[in-house]
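Both complexes below contain chain A, partnered by chain B and then by chain C.
Moving on, here comes the complex of A and B:
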C-alpha cells in the first residue's frame, strides 16, 4: 500500500513536469497551429539558467527560478519574431526550423556548460516531510503545488482577462480575431513567451531533484506530446489531465513492469489514443485535422 | 549540348569517385569521410523519397535503419549466414516493418504523422537499447563482420581494407541513387508527385493514396535498412545511439539542407553534414550549433536547399552565357 502511495505521489510530481511542458506547447499550438519540437531543449535551457543564476548570481532558489522563466520568456519572444513568424503559413518549414533549433540549442548548452551532468543542490531537496508513513522532499511537494497554482493562474488568465480572451479568440479563428481588432501578432509572441517560460519553470523545478544535463529535456518533450494527444490537441484542461494521468500511470507501472520499458508506456498510450480516439480524452475534433 | 552536359558531369564525378582510392592512397582520412558521408546519404535517399516527393516528414527514419542493422547483425553473428544474404534479408525485413508501421502512421496527417513516427522510432530504439538477450543492449552489438572476400578475375578481393570497403559503399550509394532516379521518373513517382501536390484531387482521380504512401514508406524504410547494414558492417558494431531520435532528426536536416525533392539533395546534404564540421575544425558541439543555425537559415532564406541554390546559380550562369552568345 505504501509502495503504491509512494508511486502515486512520485507520479503526480513527474506528471506536473509533463503538464508544464504540455501547457506551453498547447498554448503555442492553439494560436499558431505549430508543434514546437524545440520545447524540450528550451526546458533544458530553463534548468541550466536556473542553475547558473543560483550558483553564480544570487543564492536564492525562488529568485533563480523566476529569472530563468523571465529569460526564457525573452528567448521565446525572440524565436517567435526571428524564426516562426517569418515562416508563418509554411507548416513544414516551421517544424523543420524547430528541429534545427534543437540541434543548435542543445549543442550550445554542451558548448557552454559541458556534456556532463551538473549537481544542482538546493535546500528544498534535503528537507523531508512525512506523508503518512512515507517521507517526501519539500521539492517533490512544491513541484506539485506550484504546477497546480500555475494551472489555476493560467486558467483564470485565459478565462477572465481581456488578453486571455484575445488568446482564446485567436486560437478559435485567426481571421475573425483580426476582424474584431485583436492584435494577433502580440497574441502570437506573448503566447510563445508564456509557453517557453512554462518550459523553463519545469526545467528549473526538476533540476535540483535529478541533475542538470544537456538531454534533460528529451523525455519531457516526448511525454508532453503524449500528454497533449491524450488530453486532446489544443485543449488546456486536457493537457493538464493528460500530463497527470501519464505521470501516475508511468510511475505505478514500475511496480509490476521492468523500469527499462517505463518510457515506452507514453508511446504506446500515444499511438493507442490516436487510433481509438483521435480527438483525445477531452478534445473536440479540431479544424484542419482532416 | 545542354542535354548531355549533366550526364557528362555525372560521368566525370563517378570516375573521380571510383578513382579516389588511387589519389587518396596515403590519406585514409579522406576515404573515411567519404564513407561516412555515403553512409548518411543512403538512408537520406529513402527519406527524400518520403519527405521530398510525397511530403511525409518522418521523425523515426533512422529507427528503420537500426531495425535492418540489428536483423543483419543477428543473422550474421547468431544464425551465421553470409553478409550478402543477411543484407538482402535485412533490407526486406526493414521494408516489411516500414509497411506495417507505415500503415498505422499514415492514418495521421501533418503534425500527428510526425508525432506518431517519432513515437514508433523511440519504441524501436527502446527495444534495441533494452532487449539485452537479442540486441546486447546499450553496450552495442559487437563483432559484426565485414563481407567475406569475393573473387574478382581469379583474385580474392577482401573488404577489410578501407579502400576496398569504400568501393563497396560507393557502389551501394550509386545503386541507391540510380534507384531513386528510376522511382522518381516512373509512373509510380508521378503518382507520388500528384499526391503531394493535391491528395484530394489525386484520390478523386482514382488513386489509392494510402496504398501509394504505404509503398513509399516501405521503400524508404527498406533503403534505410540497407544503409543501416552497411553502416554497422563498417563500424563492426551496432550501437543503439546510431539509431536514436537525434539521428532521425539529423536525417531530416540532411534531406532539407541538401534540397528535399531533388535527386542530388541527399548527397549534398550528407556531404555538408559530415564535411562542414570537419572543415570548421572546431569542437564537436560548436559544429552542430553552426549546422543547426544553418538549417534554420536555409528554411528562412533558401527553402529549396542546396540543390535549389545550385540550380538557380546554374540557370543564372547559363542564361548569361546565352545572352553573351546572342
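Moving on, here comes the complex of A and C:
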C-alpha cells in the first residue's frame, strides 16, 4: 500500500514536469501549428540559468526560478522573432530549424558550463515531510503544487482575460482572428515566450531534486510530446491530463515490471489509448481528418 | 647581409643537430587516456599518476639502460572514451611515434579496441584502470594489467559480505556491461544476493524512486550500487531521504573525499565499498605516495593515480631489465618476469598478464573519514581508509 502511494506521488511529481513541458509545446503548437522540438533544450537552459542565478547572483531559490523563467521568456521571444517568424508558412523549415536549435543550444550549454552534471543544492530538497511511513522532500511536493497552480493560472488567463481570449481565437483560426483585429504577431511571440518560460520553470524545479546536466531535457521533451498526443494535439486540458497520466502510469508500472521497461510502458499506454481514441483524450475530431 | 643569412642557416643546422642528438637520448612512452568527454574527470587522476612517475624518474636522470640514462617523455593521446579514437591513437603510437610501450586507458571498451593493435605491432600495453575481466582473458601476450579487475574486486567484497550475513542484498546498477556484469558476478559469488531485488537504470537517469519503492517492499537488508560517483550520490541521497533502513554497499568511486563533497558524512555513515587504494592507510608505501601526491597536486591521492604511477614504474623497470628502450618484444619478456614493489603492493603478472594487488573494503565513519575493515590484516581505525 505504501509502495503504491509512494509511486503515485512520485508519478504525480514527474507528471508535473511533463505537464510543464507539454503545456508550452501545446501553446506554441496551437497558435503557430509548429512542434518546437527545441523545447527540451530550453528546459535544460531553464535549469542551468536557475542554477547560475542561484549560485552566482542571488542566493534565493524562488527568485532564481523567476529570473530563469523571465530570461527564457526573452529567449523565447527572440527565437520566435529570429528563427520561427522568418520561416513562417513553411512548416518543414520550421521543424528543421527547431531540430538545429537543439544542437546549437545544447552545445552552447556544454561550452559555457561544461559537459559534467552540476549539483544544484537548495534547502527545499533537504527538508523532508513524513507521509505515513514515507518521506518526501519539500521540493518533491512543491513541484506538484506549483504545477497545479500554474495550470490553474494559465486556465484563468486563457479563459477570462482579453489577451488569453486572443490566443485562443488565433489558435482556432488565424485569418478570422486577423479580421477581427487581433494582433496575431503579438499573440505569436507572447505564446512562444510563455511556453518557453513554462519549460524553464520545469527545468528550474527538477534541477535541485536531481542534477543539472546538458541532456536533462531529453526525456521531458519526449514525454511531453507523448503527453500532448495522449491528451489530444492542441488541447490544454489534454496536455495536463496526458502528462499526469503518463507520469503516474510509468511510476506505478515499476511495482509490477522491471524498471528498465518503464519508458516503454508509457508508450504502450499511449499507443493503446490512441488506438481507441485516435484524436486523443481531449482532442476533437476535425472535419477532413480521419 | 649574406653573412648573416649564412650564419642563421648554420645556427638552424646546429639547432636541428642538437635536437636530434637530444631526441636519441630520451625515451618516449605512449599514453592513452581521456582528457575530454565523459571520462575526463577520472582521466585527470590517471594523468596525475603518470606525471608524478615521469617527474620522479627524470629527477634521477631517467631510466638507466645499458649504462646510459634516458629521460622519459610521455606522448599523450586523448581517446575520449571512444573505442575508434583509441584504436587510431594506438595505431599512431605504434607507427608514427614508434613508442616501445603504451600505458593507460580508463574504459574497458576502448582498451579492448586497443589491445589487438598492440599485439599486431608487438608493443606491450599496460592497463592501469579498466576493470573489465575479459581484457586479460583474451590470450593476448602483449596486454598487462596493474590494477585489480572486477572479478578480483567482487571476490574480495563478497568474501567480506558473506561474513556480515546481510540477506537479501538488492542491487541498483547501470544498464550496461559493467552494471549487468557486476550484478551477475556478485550473484554467483554470494548466495544472499540471489533472491534480492535487481534494478537497472540507463545512463542519464536520475530518478531512483521506483527502485527505492521496490527495495522497501522486498524487506532488503543491504543495497549494492553498481555505478559511479554521479548517480551514486543521487541514489544514496534518495535512499537516505526515503528513510530506508538498509546497509549501503558501493564501488571504488564512492570511497573518496571527492565523493564526500557531493553528499555529507551523515548520509554516508556506515556505508562500505571495495577499494583498490585507501590513500590514508598506514602502510609506509601508501603514506609516502599520498604525501608526494598531495604536495604536487594539492588534493587527496586517488587509486587511479597510484595504479598509473605504478604502471609507469613497472614499464621503466622492465626496460631496465630488458636492456632496451626500443624492442617491444624484449620488454614484454621482461614484464612477464617482473616483481615490482609498487605503491599498491607487489606487482607480479600472472600467465594472463593480470597482477594481483591487494583489494580492500573501507567503511565511512560518522565524522566523514573512512576506515579499512577488510582484509583483517589491514584493519584500522577511522581515518585509515
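As a working rule, the second predicted complex is superposed on the first by the 277 of 290 C-alpha atoms of A that agree within 3 Å, B and C clash if a C-alpha of one lies under 4 Å from a C-alpha of the other, contacts with A are read in each partner's own complex, and residues count from 1 in each chain.
Assume a residue touches a chain if its C-beta (ideal position, glycine included) is under 8 Å from a C-beta of that chain, and two chains touch if they have at least 3 such contacts.
Owing to the predicted nature of the structure, the values given are computational and were not obtained by experimental measurement.
By the touch criterion defined above, A:135 reaches chain C but does not reach chain B. By the touch criterion stated above, A:222 is placed in contact with chain B alone, chain C being left untouched.
With both complexes placed on chain A, chain A has more residues touched by B than by the other of chain B and chain C.
By the touch criterion defined above, A:107 reaches chain B but does not reach chain C.
In the overlay built on the shared chain, the residue A:275 is in contact with chain B alone; chain C does not reach it.
When the shared chain is aligned, chain B comes close enough to touch A:90, but chain C does not. By the document's definition of touching, of the two partners only chain C reaches A:10; chain B does not. Contacts of A:99 after superposition: chain B is touched, whereas chain C is not reached. Once the two complexes are laid over each other on the shared chain, residue contacts for A:2 go to chain C alone; chain B is not touched. By the touch criterion stated above, A:260 is placed in contact with chain B and with chain C alike.
Contacts of chain A with chain B, set against its contacts with chain C after fitting on chain A, overlap at residues 115, 218, 258, 260.
Touching chain B in their complex are the following residues of chain A: 29, 35, 83, 86-87, 90-93, 95-97, 99-108, 110-111, 115, 218, 222, 225-226, 229, 233, 258, 260-261, 263-264, 266-268, 270-271, 274-275, 278, 289-290.
Residues 2-3, 6-7, 10, 14, 115-117, 119, 128, 133-135, 137, 210-211, 213, 215-216, 218-219, 251, 254-255, 258-260, 262 of chain A are the ones touching chain C in the complex.
Against chain A, the residues of chain B that register as touching in their complex are 55, 57, 104, 107-112, 114-116, 118-120, 122-123, 126, 129-130, 245, 249-250, 252-253, 256, 283-289, 291-296, 299-300, 303.
Those residues of chain C whose C-beta lies close enough to touch chain A in the complex are 37-38, 40-41, 175, 199-202, 204, 206-207, 209-214, 216-217, 230, 233-234, 241-243, 262.
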